[in-house]
């Protein structure tokens, strides 16, 4: 069966290769965690290195991605919107992956790893709830327990996903500290990991956290970019797109996408939420176990991110993105909530696709930039549509 | 790109071939519509015959199904549940299709046909809202208008899908007559078609309505069965499953599935909702343009179907199913709401899949029958998982 | 009373009012009132739960009748006791007809003195069995023709219809409309060119003016929703009779004019 | 005042109480109270918005302090005016340390008379720059060891830590617990076998009984959450002093017993 055959993998040259031994991408990354967690992080690293080099692990993961998560996901040429914008826009459809976003790619990888390590329980933080749902899903599938930490503000905003997690048998723990959103859920998940590190595996939801998570999550997400690379090659005479665009919360869908194109001439663009734009407004800092660009005040207190998209409500950015920004290999821009809402509606009306608010950040930038020097007429653009919008209905009802 | 290559089609022998010239499957089917609609039905039939014989139409449809709807959908071996039930259960994952159910297969076909006929507008009825969302989606994609008729009771039960349709630019018209559910929406859609037959195409949502709809919709849905046939062949040493099970509202996902296996030794099982079990409790009747088995009282007044799954709240069954039942080629059974709710939860907890309440009827029967003479230990079972459960959260919140 | 013979014998434009059987306890009084107002035939709706060609007014009348426990048998029983001197035609949907069997259904009509039958969801293709049953029982099966019906088919409908030909004036469902549809005139003319059987325009004929306008093209009119709205709003049989009489008068004046012209 | 020298000079089990800087307007009065109760050193928390190793009590104290507008600079300014005769160590997270630079941060500590620094999210791997900065400014960088730390690593921590070694008694975060964790004794013993630097158990030491129990294995204890709960509940410095004094007494009695034994 054609869709179950394993994907050939591209060897990527220099950028986006393995981080340094200390888990650094340039000056970012590292492992800034309490001593109690050092052995646990080291164990995850060792297990991942061995698994990733093990053809059987790869085969098992590829098979799960195919038969359970529905990979490869489609590549959709957007016909009507492309014509309106004067560009050629191709959408990588992570919204069609099981559970409705790219998060499942990473989670299936980590859950398989947790089983390999003999763990019986997954811990995870979640913002929009997509990573929580994906974690609950993988836990059910592989017979593991799941505990999901979620800011109580996000629990209100994303009640559908909360219900889904519970349906799947996961325990959802509300986090009432701080801004009661994703960053606080991350802090809480790390704290809880310390206390149950023997049985529990911490399943990080984006390219963040202590080494090896940012690297490992990118590797689990590179399936997006690898697939898109092959698919784009058959859609475009040029073989590669001129622009590769993805939204950035922690930055996992962007990292996975970029990984497939970093060795090409494509311009890589990450789009953040204005209220969570760590590259534009952040400063170097250390949070949740890694050094990167972080929204913070002059004192070093972490800032609260604000976005209509709960999944982008994160004051930091994955360390590899900070490095890609420094090196100039990728560019980071931001859009505001109004542009995002307009983009959701526009894609629905022109292409019949109801995208997640997170994903719509990428589209909003494309809509704004199309036809300008930033994204000239006729450009071939690959955009990762990281998830579907069903979870955002109540948020949209408030503004539409 | 492997997943875009057109599917080889199986030639099916006698059962489930073309209906008679009058649109009959045995004694069922036909074209019981007002004279005003006869030319419109004839035009749809002519257009479908010409399109279905036109390789370019087939190529365009196959491409839309692949690049937009995400076909082929995965075939998922259910590991943990199979072990618990003592059977080998394979799930055909229509929940992974764009918009979240098999309805998109049919709608893309019909919307392409509407364009070919020069129509500018789609009319559709919807129950659960899945067909309405699919129709709104196809309309947006192909630049058509869409008007969706929906019972006002269903509008309350399925508010998420109502929002989705509106997002996609469709007009949703509440139907306040009768039981205010699917059957009344069908009646209303037919009435409205009469008044705008020049511009509007009536996009029927299941294998029902006047000839050629039951046949055409089955043909557009046979992609489920054709894909599953190929996929199952690589999963099973026996090549074909012992049982093929699908839920039946109007019966389109079941018809499309059965079409792929009717020429094999597989036992075909359609599962209805107890409160809408037209085969068990219905009598021959004529409704919505076709003759079939219909829930009705002694006077011939149409009965109201009752099911927790809005998409199965239909008092009739597609005419071809009535015929398959008569001929004994397929068997029709039913389950009740409680079994269905238990099945949703069980699949979520064992396989990490949150299925639609409609689809969960098929699973509920499998759970009940597994290990009995009806479905013996060790049987290879293919089940079509027709859609995802996100739309059912508020219904489930009430009972869980 | 034979429907077609009686209509052919009328030397005036035909006025065929409609009532939903069982819509009120005294619903047969409306039949008497229609007869007094000068109806040439009366169409009695046998209510069905899913009336595909009916607009909201007639559907509401059907729902009200069904809620009152109306059945075909009860309606026919009441009808069979009447003697109003006007031919009757039943209008209903095929599910009710086939519930027992077309033959049993037609026999029941005939026994109740109902001489005509209109079943809008049975087009030519599906009509054979019902045509035979109607014929066997001496019931005229009235077929419908629509503005969308192509010429050859129009001719066949005209040839196979009995009683009269029901010319659907507009592409749409029953219900009141502001003006008579443009399609009405052409359809009636085409039908009259194809047959000498009475051609009656129906659907959307709401006022005396519509009726007069329609009667210039056709042999008569069916009036349904605008009567049922009055009935549902509580008009008494006398009130309804008085209104229908004004339509009768308008039709007769127009007919007299046309003979003089 | 040099932290390590001072601790080594104490001829008793070490009592190191904790206070969150800025938690109340009069928070420095708690420092004085601690000194009066017989503290051997005091740990001052510099509040951070995302305190990864702190439980709900200390997190709440941090939030309260931040809401009061507390900053590192303000805390150090207040501390620098004090003269309570007890060495001080700051406890905070790395983001605050690196906001200016490790060097600037340590210089500021030294200038305010704070001789020790504890940064729980800086493990050995990430410590080099901070170790250098601390050394350059004469600040003792206290490293943490955990029950999960393997032996070789324990030895390196013991070797590189200055002031004392913070032995994390339990796999978990700060907060009161019902009993001293089993892990505490083994970790303290392993560390004492590896070094002659003071080994102090902290985290989850909530009562005089816990402190006594811990002091059988280690050179002393840090008491945090159970003090901060009292402070947050409104206990005055005198009340807190009185409670802490009972811990002091219990430690001293146990120490005396052990010498006799």
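A few notes on this one:
A, B, C and D label the chains in the order they appear, each numbered from 1.
Simple rule for what comes next: a residue touches a chain if its C-beta (ideal position, glycine included) is under 8 Å from a C-beta of that chain, and two chains touch if they have at least 3 such contacts.
Just so it is clear, the model here is predicted, and its values are computed rather than measured.
Note on chain placement: the centre of chain B and the centre of chain C lie 38 Å apart, centres being C-alpha means.
We define each chain's centre as the mean of its Cα atoms; on that basis chain C and chain D are separated by 97 Å.
Chain A and chain C have CA centres that are 67 Å apart. Chain contacts here run in a simple line, from one end chain through to the other with no loop closing.
Contact between chains, as defined at the top, is found for A-B, A-D, B-C. Against chain B, in their complex, chain C makes its touches with residues 48-56, 59, 63, 66, 71-72, 93-96, 98-99, 120-126, 143-150, 153, 157, 168, 171-173. On chain A, the positions that touch chain D within their shared complex are 22, 30-40, 177-178, 183-184, 187, 190-191, 194-195, 197, 284-289, 294, 296, 298-302.
The part of chain A that touches chain B in the complex is made up of residues 1-5, 66-70, 72-77, 79-80, 93, 95-98, 100, 136-141, 143, 160, 163-164, 167-169, 230-231, 234, 344-345, 348-354, 389-390, 393, 396-397, 400.
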